[in-house]
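These are the structures in question, set out in turn.
Each of the next two complexes has chain A plus one other chain: chain B in the first, chain C in the second.
Moving on, here comes the complex of A and B:
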């Protein structure tokens, strides 16, 4: 067989895994999709039903009496924690990228960039450990009460400040996990801008900061947006860190920014054991339906990011 | 933008004063801008040092020789089983992911103009974005539920291999794209076949960058937790060399499960596990950074 054919076949494992993930999740979740219908996305109840009763047959599906599956609280928790993470990470990422690219001399820049990128290398569960052991107590005892006192007039920022496990803590930890992605991408992009752009701006009398802020950054907007969308995808699917600091709320929406939440990813990780208690298997299949929904959202977000970033690869530009 | 060079006319003093105040405002904005940027970097640097410092201090404080010589007993004992399991799972992952990932990367780089290569590159990028817990659940329903395997090293390694596949593919591709076209042309001109040119010339030239992809996969397999929850399970004992029949311990499980226990001995093990995992991942990151630096 030709070398090229062998490679093409082996490379087919990438599309094959992608298709297999979607197909197997969809097939496995199908009875749940069928039973839950559209109220799966709009409902607020994750209820296995009465575990001690005999299953009843509803519309051809065996379920436990009282069982119902709606994940609106998970969708809200996922979106809100991701939103907070982005609000914190985007400005910090931009600031760090500008400072690294423009203000730090080459040699320290190498090591400082490495330090920032290390943040991306630290395992999720270690972020979770740090959040659990350090951030949560700090937030519960000092930061949240102070915030409630100062910002209490904004709806959602007042008392009660809770236990430290919750939405804002998740957002803070998540923001640190996604910020390297934004900072590294943007720093590379700033670095790859031709010197002529800088020189032209300087010749017009712009200061260095004005050059970066008003001339270089606007030109990099598509890359910044692409990196942020990529970071969004990362935050949506983050599991362990969120699981350890979110408080794992069930069937409730957060009333304040400090309140416990749960996300789709964290919920899948924490609920299999209890879902297995359901002898009809519907709970496990409903979890698969969450995984399917999360997978489709992530794929859409990621594909969008890649399409935005395509054609803005600095590597390709250099040759042009 | 400064207008002080304009010809002197009536009202110059006024204009000069306006210029000066504008100049002052620009300088002020500059200073605030740089301060905010520096502040962002300090926040990031501070956070990373804080995390590393916490892991280091609490991890070393809890480190005992028993960690490396004993298996876990309930909420105490050592971590020998988890260390062994992590090593075994990582080895299995690399054995599965490296050949396929590299083959895909080589194909995408060397035949980059084909439709198939562009499809694979795009799907590899999308696959990178699939949350690891989704992969874990996928592994659970396919291998543990349908194939009837137990929580096992095979289920764990296959799941992680799928996770690592796109990373290896993309880094291999990036590495090969840096290979000068002249090198390939010289190879072909001397009569070498495609396989010979790829492995004898291109891969040899790109080796340091290709190795960073393998190191990245290694770091992922050591550091991930979510995909293993429902595929590896957990075991207090050393691995008994069954591929699909018995669960296996791993370090990241100890971090998240043992920190929740109300026992000091369990929490200590969680910190030690975090120290070992983090140290390993840091060494790998440093190694791949040095590999790339030396090449340049």
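Moving on, here comes the complex of A and C:
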């Protein structure tokens, strides 16, 4: 009985800590939530106010004159960079999974899969540094001008091509970070399909590609959706890599796909020491409010992914 | 599989661990190395980096660690007690000083700030800018290099028609503080709508970039043609090496000057008399035909009730060395970072503040 209680307490620490984090964030951010109201999510101006002026009292709260907090540009930046990352990573991830599961003989398959999974082990700050040193100059000098010339007729793809720091670069770096998630999960799922399915498809005259594309993958749709949602969760919370390549836009929405943006996670990291300069403390609490919003979105996305993945056993073929 | 006498083995292991722990703890207190953490201004960082090796050679009992994190971090970490020396180009605001009356703002040197740009073909010319023109650029009112406001100040120069990319600091920055003070002093609409600070709400300008630290500003301007940025003078070596353009700024007398020892000294001579006892004062926009408009004190933000007596003593010894014209304030150090040593009157005020540091 005693061992069981110890186990129960230790196991309970994990969900308890998650609830504790959410509770701490909510309590700490409450003065900011109260002050900012609903215009926090829709406002376009993140303004700490005049740091060197004396605080004034507005509606019972001490604030710096001119202070107002709105994070619409952050929400847009986060969603757009995640969207671009997914658009790039999903086809590549599916392609890699099919290639690894079908087209590679067993021996090299082990090593290649190992390499793909290792991509997920690279720390995000390393991705950020590589992005800063290699991707940004490459985009600025070669890729973006060529894109603007060829695709300039699409709204949002034309001039100016900017400096290489921006939305598309962040999307590219993020996509590299989430491809292993999709590829590894899907490859495992394709592998675990019973041989009988492949044999019956072959017996009907299907080519290898047709077998995968029309028979196996459609049945794995929930797994694919689950993996993509998990990848979305990772991309939403990514801080360091985005911080170094996004251009850190403040209070502006990107006009083109090459323009600088800012994401919620990167913003909190880069603005914390500035916020500590605010003698009223409201700036730090507003950063905590951003953290709360990001936390809720992340938890919701991850919960959805887990539910989708949990309700599906790849060996249990229903439909298709 | 059990060892022969499991209980005896585990007892020895426990004793060994305790002994090791005591030995290291005892060892640490026996060595008595004072540790000072300096963090903050990226403008002051190069000077600290040439000070610390020289100081450590003659003062072996103190280990000083330096970090370049931005003046905002320097102030907040000094206030919270995480760092013993908060380096900052900005003094504490009235509100912060009222909240934390034990904080001392001690000038260690006089520095200045350049405005650098990257115009292919024109980086050798020293283009002229005034405060209102710079304010217009950073507000998005002046968007092209060929704008008549810029052309008016630079007759005879063939300015390209490209869009200006203004670069600003994303971290809490003393450079932002002194640059925005210059803009506030020269452009009334900037003073009214935006004012100055280590962090401000930069007006939204299409394509404007943010960079972290002075080194980040140098890198961004170097990588981005048609950009303009404000960079601390201690990075002149880096901007010269990258062949970036350096601007001449309009001073209060209407003349356009570069930041040289002579122009900074002239501005200092005009402004230092105004320095109050707590040494919190702006030196921006000095009068005088040869004065450079953006100069400032480099502050060490120190908590006067600095931890234990040992740390306080280490701090005082270091600061006295730094302020001494034979020690840290010697021309040999200052010239390497293009700073100007403190005048004697200010040194006296700083020494008086150092005396206030008590355990």
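Rule of thumb we're sticking to: the second predicted complex is superposed on the first by the 311 of 320 C-alpha atoms of A that agree within 3 Å, B and C clash if a C-alpha of one lies under 4 Å from a C-alpha of the other, contacts with A are read in each partner's own complex, and residues count from 1 in each chain.
Criterion: contacts are C-beta pairs under 8 Å (C-beta built on N, C-alpha and C of every residue); 3 or more make two chains touch, one makes a residue touch a chain.
Computed from a predicted structure; not experimentally measured.
Using the contact criterion defined above for the overlaid structures, shared-chain residue A:240 touches chain B, although it does not reach chain C. Of the two partner chains placed around the shared chain by superposition, neither chain B nor chain C is touched by A:225.
Of the two partner chains placed around the shared chain by superposition, chain B is the only one that A:24 touches, whereas chain C remains out of contact. Applying the stated contact rule after C-alpha superposition, one finds that A:79 touches neither chain B nor chain C.
Within the superposed three-chain arrangement, the count of touched residues of chain A is higher for B, of the candidates chain B and chain C. By the document's definition of touching, neither partner reaches A:304: not chain B, not chain C.
In the superposition on chain A, A:46 makes contact with chain C only, while chain B stays out of contact range. Shared contact residues of chain A with chain B and chain C: none. Those residues of chain A that touch chain B in the shared complex are 2-4, 6-8, 10-15, 17-18, 20-21, 24-25, 28, 91-96, 98-100, 103, 110, 112, 114-119, 121-130, 132-134, 176, 179-180, 183, 204-210, 213, 230, 233-234, 236-240, 243-244, 265, 268-269, 272, 287-288, 291, 294-295, 298-299, 301-303, 305-306, 315. Of all the residues in chain C, the ones that touch chain A in their complex are 69-70, 72-73, 75-76, 93-96, 99, 163, 165, 170-172, 195-212, 220, 223-224, 227.
Against chain A, in their complex, chain B makes its touches with residues 1-2, 26-27, 29-30, 33-34, 36-41, 43-45, 47-48, 50-52, 54-55, 58, 99-100, 103-104, 106-108, 110-111, 116-117, 119-120, 122-138, 140-142, 145, 162, 165-166, 169, 174, 177, 193-195, 198, 219, 222-226, 229-230, 252, 255-256, 259, 270-271, 274, 277-278, 281-282, 284-285, 289, 293.
Against chain C, the residues of chain A that register as touching in their complex are 45-48, 50-55, 64, 66, 136-137, 140, 160, 162-165, 247-252, 255, 259-260, 270-271, 273-277, 279-280.
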